[in-house]
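For reference, chains read A, B, C and D in written order, and residue numbers begin at 1 within each chain.
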């Protein structure tokens, strides 16, 4: 018996949770952003796994869209981070605290 | 050339009743065309044109809105069912165009940040409205996901475009991280739903989801359902996924805040309704308790969070969270009356928000800021404007005879009818509490003295007229709701 | 009169309000003229309509949602007609009076605009044919009273009072809205006519008691807010910050009476729940007593009248709770006459004394302002329940109802009546008798005719109001059934109580008036003072002090500030959470998602 | 010792690699090591896809993610010359809270997945999967594909505007 749906999904779920924990724990915006990418990658993996186990190709087409969107988000996100770094000389989330009541 | 012609035809939306709608009748193509032409013209066009790009964009928004209002008829679908053209889609598209129209008008006139000579401010709303339109028409999770992300990414850019202001960038970053998180949840949720139902099409999923939930993979499907709902709750700014709202509303330029508060929230509700009356129709009953809890949490967090705010934009953020709660009540009712109420509420909310934020956008630099204390003595400096602001706030607070009252009434009745009595009680408490913070600016405007060396306020006549018209809408829709409610009902029934 | 003309009742005042706001703001005389004209026309219209017995106009569909319709409908039964006459009549008189009172105020246009809006909303409540309309006009009354109480918005106290009135009313309206929804949920209709038909057909006969009780209580909540019953009475005395005609309008005939009128209007619903009637009766009784106790200690002429109003409203609500809505309405009408009169007379005094409101700085006005004095005396006597005047009859009707049901509330009512007579005679003695204690009081002159004539009109009504046959109209066929009258016990007791109250007050304050200023003049007087202090008034004073404290600290803090505090606490918690920064948001977001997932997994 | 055994060995290698490097992304001290760990995690993830015989997507994953995106990250990190993350770390209480949230989500996930304890690989891939993929992408899913075009246009505009030199926006002249 070879590895089944459960095993692949467990890997993807673990990566998702690790990414989530990283988003919360890390303070560096760039690293936080990498963790977000990790979460998206977990989604990609789950999608591929399901697509293959269902024997369909639709899921993989959707994966294509996910990857495109993720790349787009990275581009905009990094542009924002660069702009922020230029303006504030920081990439730390906990230093972003000017917006208060 | 062909594109232009097809765009013009698309704008008229001469879609025949029944199925099958040629791609060139999809109005989003027309909007895409306008946005692209504006972008290119703004970059390389002749100088006099570039200076007028904002006015041109506003005019086109107006044109499209009028076309949408008078010529669109429901019925049909395009792209093999990926694109729906029904009453729900039409109603929401009109709302988006209205939001785009007022927001671009505000950008055109507002001294706050965005200027019409900056072409990205002119073109990006078109792409955002396009994405919203597709969200409202989505017939497949691929369309939904891609258009939702397009809207979100456009919003990041719009929020942080004022990059010489640190707050703007900070808001952008916070929005970016929270948006990324919600995108991750959306992706994972879609993956789980796809895995259990074996399809991404809405219509197919509607028939397969109940079976999937009952089957071996039921818990997986349920987790997927919840992940998708989390992402939608993020989009409509419902608690406990609302954390980004106050910061983003405060940090963004005022016209953008208005655009987000109205159009982006409406887009979230379009998706929610689309999902609950599409792929999730079979499990709507099971989702009602969750939506009701989200509604209650939003009402409590929004209303009580707003109490201690000192910045009007931030206050509008919290108030937006509470309004998301009231709107979710209508959704939780799960009835046709509930959907009608939600759409009516959204229209009234849009008008009232634009009255308040429109005034703020026009006055913010003369007032010296958007804090509540900056409004002090407005009644003595400019009584007319103070009264306009008063009407806007009163409508948001739900006072009759304004539309805010009627919208709340309809929503409450729908929830009550569905047996959500506890939720109605919570909402009533929220409405009472909301009076405290809506009265705070009123009190400042009417009862406090103006700052000693206040510059004179000036707002040109067209701008005043525009705001007055919006105020008129809040009054007319509150006094004579009949035709609009009937139109909404008719469009939804024809779906 | 053709039935369609009834619509003018609503169109005239709203038209006037819009005209004044939109066009006539700079023209003060024109604004006042338009407003007074619309009020007068409404009154004539009401008289004409009632006299000719015109039928209610055809209802119009206002809103059709998917499966229900809201109509704009009028309901014009004797109850509404009587109330309509009172509201438009008193409203008109007050409009005329305002011409004089507000003659030198720069914001006169705004004032008359607000007054017209108020008349529109109030008339709307009276003629409304269903609960939705009632609720909308109900809220509109709140809005317009907010504008009127806060009219002198330069004063911080006026702003605070306006806010307080508005918010406290909204707390009541919250219950009201729930009550309306409950009615709709249990009976499936909101029109008064259909509702009554359904109940007469036995729609609630088999219903369990709790929902019906809650429904009735919800409706009562609205009345508690608007009619200033304990514990939501705190806004009314503060609302005295508004101009005096506003006080007369709000505290006499209209806004505060709206609650009682509404209770009578939906009495057929409320009476389906006996426990709810008990709650109503005891709330009313408690209000009557508490407010009368507080009134004994007040020094501001308008505050005495305000607490007295609260007390009388408690009387009316008690009558509703005793299943005697006709008596409540009767007292409402007579009270409208004499309380409007008292307020306007107070206004005349205040106007003559250049906005002096402390009674201890008045005195001797009896000779300086004879017409004001005599009309005030008529009103005070009517309020105190002097036999033969209107107040006596209506109060007696209520006490009779208490007597019939053998309720202990009879004694409570009598005690209140005693206190009423007592503080009214105190007020009259201190303000009008003796000699002026201040220059302004000594130099006071009678007010101009435009202010005096309304006083006389209202005084006549106060005197003869009890014999106009209002009670008969209100009671309908029931009046014929037991027309021969009742025993002598209740009238005798009320007379006794009246005499005792007036006597005590006159006796004590006749000496008191110059006493505080000339100490040591008469030792024995001081001795009496000590006896007085040790006995009657000390007890009174302590109680009154207690209630005053209760009023300020418990109720104000608990309900008004307490709500604010709780709200502020939650707000601060939100602020704290909001202050944690972006990674905190991410954590809270994830925690929310985890909660949802767990909830789904557990279910 | 048959094919199944090797499949398990391969699976565990790839799974441990993917999860382990994901952990390193979170735990790494410097952004550079995080970025490299991310790339490795992606590559191992792509390996899992290969094991599932989803070759095309695996290739896209390696090219787009491990190639383009990670390079972008590294480029930005180098551009900003970021050192290792210094200063306050999260307190024990914060970590505990995070752990509670993650564990509760894991529990919920485990409950969802528990019924799937049985193994068994996926059905064999269709021989012309890439062709099918192309047809699905360019014929059926043409609408979302066009929207991604719009998205890329928006992103282009956004990146240009946000990163345009001129610091405090000389053309506007606002302080």
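Rule of thumb we're sticking to: a residue touches a chain if its C-beta (ideal position, glycine included) is under 8 Å from a C-beta of that chain, and two chains touch if they have at least 3 such contacts.
Note that the structure is a prediction, hence the values are computed from the model and not measured.
Enquirer: Sort out for me whether A-C or B-D is joined by the greater number of C-beta contact pairs.
Expert: Ranking B-D and A-C by C-beta contacts puts B-D first.
Enquirer: For subunit B and subunit D, what's the span in angstrom between their mean Cα positions?
Expert: Chain centres of subunit B and subunit D, defined by C-alpha means, are spaced 31 Å apart.
Enquirer: In whole angstrom, how far does the Cα centroid of subunit A sit from the Cα centroid of subunit C?
Expert: 63
Enquirer: Just curious, how far off is subunit C from subunit B if you go by their C-alpha centres, in Å?
Expert: 43
Enquirer: Could you please state the distance in Å, as a whole number, between where the Cα atoms of subunit A are centred and where those of subunit D are centred?
Expert: One centre to the other, that is 5 Å.
Enquirer: Hunt down the residues of subunit D that sit against at least two other chains at once, touch-wise.
Expert: Counting only residues that touch two or more other chains, subunit D contributes 94, 98, 101-102, 105, 108-109, 111-113, 116, 140-141, 144, 148, 151, 155, 158, 162, 167.
Enquirer: What are the residues of subunit C that contact at least two other chains?
Expert: 575, 578, 582, 586-587, 590-591, 593, 597, 600-601
Enquirer: In subunit A, which residues are in touch with two or more of the other chains?
Expert: 9, 19-20, 23-27, 32-33, 44, 49, 51, 53, 58, 61, 65, 68-69, 72, 76, 80-81, 83, 93-94, 96, 101 - these are the residues of subunit A that touch more than one other chain.
Enquirer: Quick one: do these chains touch in a line, a ring, a star, all-to-all (complete), or other?
Expert: The chain contacts form a complete graph, every chain touching every other.
Enquirer: Residues of subunit C touching subunit A in their complex?
Expert: 575, 578-579, 581-583, 586-587, 590
Enquirer: Over in the complex, which subunit B residues touch subunit C? Could you list them?
Expert: Per the touch definition, subunit B meets subunit C at residues 173-174, 177-178, 181-182, 185, 219, 222-223, 225-227, 229-230, 234, 239-241, 243-244, 246-247, 290, 300-301, 304-308, 318, 335-337, 340-341, 379, 394, 399-401, 405-406, 409-410, 412-413, 416-417, 421, 424-425, 428-429, 431-433, 435-436, 439, 443, 446-447, 480-482, 485-486, 489.
Enquirer: Tell me, which parts of subunit A touch subunit B in their complex?
Expert: 9, 16, 19-20, 23, 29, 32-33, 36, 39-40, 42-44, 46-47, 49-51, 53-54, 56, 58-59, 61-62, 65-66, 68-69, 72-73, 76-77, 80-81, 83-84, 87-88, 93, 96, 98-99, 101
Enquirer: Could you please specify the touching residues of subunit D with respect to subunit C in the complex?
Expert: 94, 97-98, 101-102, 104-105, 107-109, 111-112
Enquirer: Would you tell me which residues of subunit C are touching subunit D in their complex?
Expert: Subunit C residues touching subunit D: 587, 590-591, 593-594, 597-598, 600-601.
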